[in-house]
Structures are given as C-alpha cells and as structure tokens.
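Letters are used for the chains, namely A, B, C and D, taken in the order the chains are written, and counting of residues starts over at 1 for each.
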Amino acid sequence: MSEQEVKNLEEMFEQKIARDEKIEPKDWMPEKYRKTHIRQISQHAHSEIVGMLPEGNWITRAPSLRRKVALLAKVQDEAGHGLYLYSACETLGISRDELYDQLHSGKAKYSSIFNYPTITWADMGAIGWLVDGAAIINQVPLCNTSFGPYARAMVRVCKEESFHQRQGYEIMLTLCRGTEEQKQMAQDSLNRWWWPSLMMFGPTDAESTHTEQSMKWKLKRKTNDELRQQFIDQTVPQAEILGLTIPDDDLKWNEETGQYDFGKINWDEFWQVVKGHGPCNKERLQTRVDAWENGEWVRDAAMAYSEKQAAKKVQKAS
Amino acid sequence: MSEQEVKNLEEMFEQKIARDEKIEPKDWMPEKYRKTHIRQISQHAHSEIVGMLPEGNWITRAPSLRRKVALLAKVQDEAGHGLYLYSACETLGISRDELYDQLHSGKAKYSSIFNYPTITWADMGAIGWLVDGAAIINQVPLCNTSFGPYARAMVRVCKEESFHQRQGYEIMLTLCRGTEEQKQMAQDSLNRWWWPSLMMFGPTDAESTHTEQSMKWKLKRKTNDELRQQFIDQTVPQAEILGLTIPDDDLKWNEETGQYDFGKINWDEFWQVVKGHGPCNKERLQTRVDAWENGEWVRDAAMAYSEKQAAKKVQKAS
Amino acid sequence: MNNDSLIKYILGIADNSLILGQRLGELTGHGPTLEVDIAMTNISLDLFGQVRSYFQYAAQLSEEDKTEDDFAFLRTEREYVNVLLVEQPNRDFAYTIARQFLFDHFHFLLLNELQNSKDETLVAIAKKSLKEASYHRRFSSDWIKRLGDGTEESNRKIQLAINDLWRFTEELFHKTKADIEAIKEGVGVDTDKLKEKYLANVAEVLEEATLQKPVLEFFQEGGKKGIHSEHMGYLLSDMQYMQRTYPGMKW
Amino acid sequence: MNNDSLIKYILGIADNSLILGQRLGELTGHGPTLEVDIAMTNISLDLFGQVRSYFQYAAQLSEEDKTEDDFAFLRTEREYVNVLLVEQPNRDFAYTIARQFLFDHFHFLLLNELQNSKDETLVAIAKKSLKEASYHRRFSSDWIKRLGDGTEESNRKIQLAINDLWRFTEELFHKTKADIEAIKEGVGVDTDKLKEKYLANVAEVLEEATLQKPVLEFFQEGGKKGIHSEHMGYLLSDMQYMQRTYPGMKW
C-alpha cells in the first residue's frame, strides 16, 4: 500500500470513530490502535482474573450460606468478564495463550488494587463498594468506546459490576448496623481500601501518558483526575450513610467548586505496587502461574481427546 | 563352619539367653534370631514414626499453650524412640534406608492402631491413656529381652511411655471434670479407641504364630491374651474413676477368675486393618512416603556438603 | 415420621452437598482453564443452593429456633453426616473430577428417586436439583472421558484417582437409622435399589474412558456416623471460622 | 512505662515466637530426616516455651483477668503483631530454613540486647531464651551452608527462598509506638542498633554458603501493624479452632 493509501484509510478510520461508528475486527485499523487495544483489553481481562483471588480467599470462610453463594457468584462473574474480554482481545489477532504468557511473565499489567490482601470479611464489602465502584466509573464510558467487541463486552460487564457494587455496599451496611465489633471491622476495611481505591484512577493528569490519543479513540472520555473526583464525590455521602469515617483529614466539602477537596495521595506507594512490589504482587502472580502450570496436563488431555474424537469422526465419514 | 560347630554355637547361645545374659551385636547369633529381631525392632520403630502422625494432627489445634507444648514434646519423644530403635536395628546389619524402603513399599508393618483417625481433641487423651497404656504392657517385658540394644532402648522408651500415659489420662480427667460437652467428647473418644486398643495385643493365642520361639528368646513373656487381660483389668477401674463407660455390654467382673470378662473382639476389622485397609492406612503411608520423597534433595545436599567438607579437610591436612 | 428423624434424614443428603460445595469453593480462581473454573464454581453454587433449601426446611421442622446457618456452621465435626467421599481433598484435578464423578452418578439417581417421596418439600427440592445434578453428571463424566482417553499422563492420573477414591463409594449406599425410618415412611430413598444402576452407569463411562473399574475387597465408611477423615477438621476450621469467632452476629 | 504499653511491647516480641512456633508445629512428623524432624520440633518447643513466659507476664500486667491462652488464642487477626516473615508458609524445606535463618539472626541479637532491659522479668526471659536462640541460629545457619554449598538443586532452591523472603527482613527492625516508648524507658531494645550487625552476620553465612545476598529496593511490612498476609487467616483458623468452638472451657 502506498503511503497515500494508508493515509486515506487512516482518515476514513478517524472519521468513522468521530461519527460514533464502531470499529469491528475485520475493519482496517492502524497498527497502533490494534496494539493499544490489545494492551488495554488484556490488562482489563487480567485484572478480572487476578481480581478473583483476593475475593476467592474468603469463599471458604464466608460467614453465612447466603453470603457464600453471593461471593461464589461474584467471583464467577469475574471469571466470566475475563472470558468476554479475552475473547474481545483475541479478535485483534492475538491468542489467549500469548495473553497468559504476557501475564505470567510479568510483561502485562493488571489493576494494582488486587495486590492488597483481604484480611477480614469486611474487605468483601469494601471491595464491592469501593473497588467495583471505582471500576464502574472507569468503565461506564467504555460502553461507548470505538472498538465494537470491547464496547459490547463492557455493556455486560458494567451491568454486573453495578450489581456487585450494591452487594458490597449492602455487606458494609449490615456490618455498620451490627455490633460494635462489626462496625469497627467495616471502618478498618475502609481505612485500608480507601487510598488504594483512589489510586485505581491512575496517576494525576500531569503524569499520565497516552491520554490524548485515548480520548480520540474513545478509550477515555475523562481524565484520571476527573474520574477520581467523581468517585470521591459519589462515595463520601455513601460513607456518611454508613456512619463511617473516610481516612483523610483533609477531606472537606468545597462550596465554591461544588466538590470535595481531598488529601495527598501517596504516589510512592502507587508506583511501588505498579512496579511489582505491593503486598501481594508476588503471591498473586505465583498463584496464577501455579494454576496454569498445574493445569497443563489437563489442557493437554482435553486437546488430545478432542483430536482423537475428530479423527474418529473423519474415519466414520470416509 | 561344620554343622556340629553351628550346633555348638547355637547351644551356647541358647544357654546364654537362659542365663539372662544379653546378646550383643558382635556376638554370634542364629540367622533366624537376627531376622526375627530385625522384623520386630523395625516394626516397632516404624510404629513410633507412623504413630507421630495421628497426634501430630492436633499440634496446630491444641486447645492451650500448655497442651500444645506437651503434645509437641510427646510427638518428639516418639521420633526419639524411632531413632533409638532404628539404631538398635542397624546393629543387626541393616541400614536405615533399607528399613525405610520396607516401610514405604508396604513390606514392613507398623502397629495398626495408628490407622485410625484422630478426630477430636479427646483422642489425644485416649491415645495417651489407652494406646500408650497398651504399649507399655506390651513393652515392659522387653526391657529384659535377650538382645542388648533392644532391651536398653526399651528401658528408655518405657520410662517415657509411662509419662505419656499419665499425661493422656490427665487429659481425659480434665475433660471428664469439665462441661457436659467435654465429658461427651471423652466418652466418644473412649468408644472409638477401646476396641482398637484391645486389638493392639494381637490375635488370640489360638491364632498367634511365632509365640513359642519368641518366648524362648524373651521377645515375649506372656501370651497375647494374657497381656490383653492385664490391660483390661488395669483400665476398667481407671475408666470408673473418670466416670466413663467402657463400650462393651459384656464387660463384667468375674469373682471366680478375679478378672473382667469381656465381649467378642471384631477380628474381621483387625485383619482388615492389618491387611492395609483401615481408615487411614493409605493416608499414613502416603504421608511417610511424601515426607521421604520431598526430603530427598535435602538429604542429598547434606551428603554432598559433608563430602565437600571432608575433601577440604583432607586437602588441608596434606 | 417425627420431625427429628426427618431432619436427620435431610442432613444425610444435605451435608454431602455442603461439604462437596465447600471443597469446590476452594478451587475458584485456580482452575486449569477459565471455562473449567467457571463450571466448577457453578457446581459449587448449585450445591450450596440445594443446601440452603434443605437446611431451610430442616430449620422449619426444628422445634428449636434454628436457621440454615446454624445447620451449616454450628455443628461439631461429629454431627456432620456427609460421606467420606465428598470431604476428600483436592489433591489435583484428577482427584477433584474423580470425586465429582463418583458422587454425581449417585446424586443423580438419588434425586431422581426422591421425586417420588411422600414429602412434598423434598419432592420440590429434588425436582429442582435433578436438573443441576444431571448437568454435573454430564460435566464430570465428560472430563473422565477426556482424562481417561486423553494423554498417557492424564490416563495414569485419573486412573490413580479413581482407584484411590473407589473405596469410598460403598458408603454412598449405607443407611443410617434415620434413612431406614424414612424409607419405611415412604419419605426416603432406598439406596439399595440404586446400587446396581450406579455401578452400571459408572462402569459405562469408565469403559468409554478406557479406564479400569477397580475391584476392591474392602471399603471405607464412617462419615455417615460422624466419624470423618482427618481432612474434615481442617475444612471445618475454615468453614466455621467466622461463626465461631463472632458468635451470634448477623452478616 | 504504663502496663498497657509494656504489654504491647511484649506482644511485639512474643507473637513472632508464637506464629513461628505454630508454623514449625505443622511440620512435626514430616521432616526430611528423623534428626531434622526432632530438631525442628525442638525449636518449636523452645519458641512456645518463650511465648508462655511472655504471655504469663503480660497476663500478670493486664488489668483484665487474662491468661496466657487468652493472648495466644483469643485475639482477632488484626491484633496479632508478629512480623510478616514468620507467618510465611512452609512451601518446602528451603523456605522453612530460610525463614528460620532470617529470623534467628535477628532474634539472637534482640535477646542479647534485651538482657540489658530495665525490666527484670524481661531480662530473665531473655537470658533463658538466648541460649535457645543461639542454638537455633547455629542450626539454621548450618543448614543454609549445607543447602547453599550442597548440590546444584539445593543451591537453587535455597537461593530462591532467600530471595523471596528477603523482602520481609526490613520489617524486623521497624518500630511501633509501643517499641519507641519502651526504648525511651530503657525497657525495650533499639532495633536500629542491631541492623548493621544483623546484615553482617547474615551476609557472612550466605557467603560461606556460596549464596548471593539479595539486593532489594522495596521491602514489605504490615504484620507489626496487624495487617498480615492472606496466609495468616488460615493459620489462625486452625490455631484458634478449639478455643473458638468451645469458649471458656478448660483443657
């Protein structure tokens, strides 16, 4: 293809996006678009899969049958999200095995929030309320993103996430209406998850890369700081209803801006976790790698079996 | 050696035993004596080692620090007994590795009692009281057995076992003086361990092999049935002090014989367990084999290291 | 039949689902593929759903003021009456699937018969659960075939697991006092009548999977009498952790 | 210093021994040789012995009617203040020995200094425990050498374990509020002063063992604030099982 032809294609492509039409896998797309989407969608898929682990940690210890069933279902939903997202990613011409390889080798990232340990039952509430809450704010705009398979996957994901968030909030509410011990458990959990949740929106706009391009492709509609502010403004009143205190002495309502002002985020911690040195990075990755390696003989068997079955069919047909 | 010479040696050997003199490893001994002793001593050693497992099962869950320390110490003593007994056995010209091989391959036996599961804390009491109680009755006569290393090991073993037995009884006593729930736990444990403990004395005399020869060599001084009767007569009054009921409807004092009559032992169960089909035979053996196999690289390292160190010494000396 | 016996009969069925559901719950997030992970979690969910129906019914029958959670979390180890099979640990995927397979075939036949119970609540639970059990049975049987007729390694592993767990199959058909009473009253299922079919169904799958059906002289039992394996205590210490640590609280 | 702070200071030392003792207790009967099995159980016994002395003292200081067992078994996970290092699981013998080695060298130096405390009870416990810790340190250091300078496989395994656990070493020297108060009062040990010696001693053994001393930019902490790894909950659910299930009973 001549340079001019490529340029024409690119122009048509950008116009299509500008018209809010979806890009589909079979459509022509710039290589950078493809790569960026592979990176973002797979990162999102990995987050779902790794995100199963902190919650999975409480399945065997859930305090009631009702909660156990809800937690199992929630973690299962996350596996399901992983599945759609990997599928969406595969339409861009990369295999699931390659994607796993990137995760297992540490080349691909996943959301840093899952590198914190779940140490009390209240964390099941806080994760639903705060982590899923933050995720929704990040993800709702993606329901209208330009790449069709991703946008469609996100519609489904967001619907379920919002159910999860209500469920998490309900866990918190039950604790806060319970005994003093339960309320303390909820407060302690909020104390531990608040700041990491704020970090889920990524570095401040000043430090953030790729933003402009992502905006154009509708992978992003608001900046990190805008989304973070939206999360805070939405969450503070919810904490008030619970009767819990947000662990930020500088948090206060600003009449002028009509928003909450808040304290300084510990960006050193953020970068430490991103670089692989959070409290559970090693454990999470090891768990995924172990699951994958322990499952190798099973996948091999399934493959061998289906090949044998296919061969039998061919034999019968001939 | 001529047949006559062997015969003379055998005669001298038998006389020595009859005079209550000890046979030492360097002494001449008939091959059958050696083999019988290897079998019995190693079986005894294996029983100590496998016997660590049912009690080890409660170390992490012991209900108080005092009990945890006592239980750890007890299981450690059993490892120590295993060590003396393997050493005694090795003096007969067999290596510890060979002995382990026999255990791991299922060729060598160990006491069947350890193939029952420990499912409540009270089992730590019942094992001390009944199992160690039965073991002592079996073992005290061995302190005077003819083979020196075995006799000396048994002196030490019996002293410790008798401490363990008192400790076990004290656990039962505490439970029986505790809440109704604790007393029930003690009764339940007695119900489960009583009959297997009676089986520890082996089949009835009518079914028992080797007895005559073993008597001559002082590997046995009383028959299985005599020892079993002694155990019952000793244990029934102890159960009465505890306020527990022995799970045998036919148990009653016989004025005439001055002993307790007791019900029929389920010999089918006995043989099932001996043949390897008790509740935990598979698990016990698997645990030992796993420990051994997982430890292989450690033993190899220790060997390699000591060879390197020895080589260094030689080099320095030269 | 009196409520106490009926409760006991119900627990005899429900505890199997409870403990197996708990074992499967350990695996969520650790499956060999995402699809298998989802499927196994699904089975766990189905089982816990059934457990809730049974325990809610038992709570209703109980003269004491009990909830489903009391039955699930506040009994001592000796009071759980699940069979030994379901409490066996997840040694590897072969053991997990073999355990599931050996249970599912029994479970399906049991629920199928339970539809004819004189107890309407049990009939309703059975009808709803049967569809689930039928799916479980297909899932685990399919995996038995894949592993049996897959690679040499998978064949070896699944055969080992089947051989090892076979000794727990006989107990599935054992009857407690409550079982016998429930059968007499037309409420319970006579498991004797399921055995032949069970063995035939299992054998059929094993054969298709190119696996050997084990031949055993001795079987294990105990769970139905509350005498469990040493694995059970650890399972319970996790399962009961919250209820024991924070008694009487609502979650 | 006030009793509450002193109790907190004591728990900061005692919890390490408690949790490490518990981890070692898991291994009894599973050692690579009988001799190692006995030695590791011995270390566990020593640690629990120390724990009892500390907790008995804490119980004495407490205004509530507490026993050593209340401290050991009836706190919530957030109330245990052991370092993350000691709660790490027994992945294999290399991890067990590396964990022990990295702790023993600290423990020895700490107890050595604690002999100079103004608190006589702590001095007495330190003197008694120091002999034990000295033996532990020799035992684990010897094994580091054997594994490091043993076979290629053992070198690889122990290096991996050292590398993995190194990130927990920094926390050994962190100070809680209670630590700072105890140091100011002349009761507690200023761990800052131990660090250089610790690193030198550890490095010496590693060098003799032909192992690399890891170089890390980031370390882990949390245990001293009661924020533990996810391993801790499972350890506690077993450890507390009896006390939680049968509250208030004597054993």
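Assume a contact is a pair of C-beta atoms (placed from the backbone, for glycine too) under 8 Å apart; a residue touches a chain by one contact, two chains touch by 3 or more.
Chain-to-protein mapping (UniProt): A, B = 1,2-phenylacetyl-CoA epoxidase, subunit A; C, D = 1,2-phenylacetyl-CoA epoxidase, subunit C.
Here the structure is a predicted model, which means the values were calculated and not measured.
Listed here as common contacts of subunit A and subunit C: D. Just to note, of B-C and B-D, the chains joined by more C-beta pairs in contact are B-D. Put simply, the chain farthest from subunit A by mean CA position is B. Distance between subunit B and subunit D, defined via averaged C-alpha coordinates, is recorded as 35 Å. Averaged C-alpha coordinates put the centre of subunit A at 58 Å from the centre of subunit B. Subunit C and subunit D have Cα centroids separated by 41 Å. Residue positions 233, 237-238, 241 of subunit C each touch two or more of the other chains. Counting partner chains per residue, subunit A has residues 61 touching two or more of them. Viewed as a network of touching protein chains, the structure does not reduce to a path, ring, star or complete graph.
Pairwise chain contacts in this structure: A-C, A-D, B-C, B-D, C-D. Put simply, subunit B touches subunit C in their complex at residues 54, 57, 61, 117-120, 188, 192, 272, 275, 277, 279-280, 282-283. Interface residues of subunit D facing subunit C in the complex, by the touch rule stated above, are 76, 233-234, 237-238, 240-241, 244-245, 247. By the touch rule above, subunit D contacts subunit A in their complex via residues 77-78, 164, 167, 217-218, 220, 222, 227-230, 232-233, 237. In the complex of the two chains, the subunit C residues touching subunit A come out as 22, 25-26, 28-38, 41-42, 44-45, 48-49, 51-52, 55, 68-69, 72-73, 92-93, 145-147, 149-151, 153-154, 157, 235, 238-239, 241-243, 246, 249-251. Remark: subunit A residues 49, 52-53, 56, 59-69, 72-73, 75-76, 79-80, 82-83, 86, 121, 171, 174-175, 178-179, 181-182, 287, 290-291, 294-306, 308 touch subunit C in the complex.
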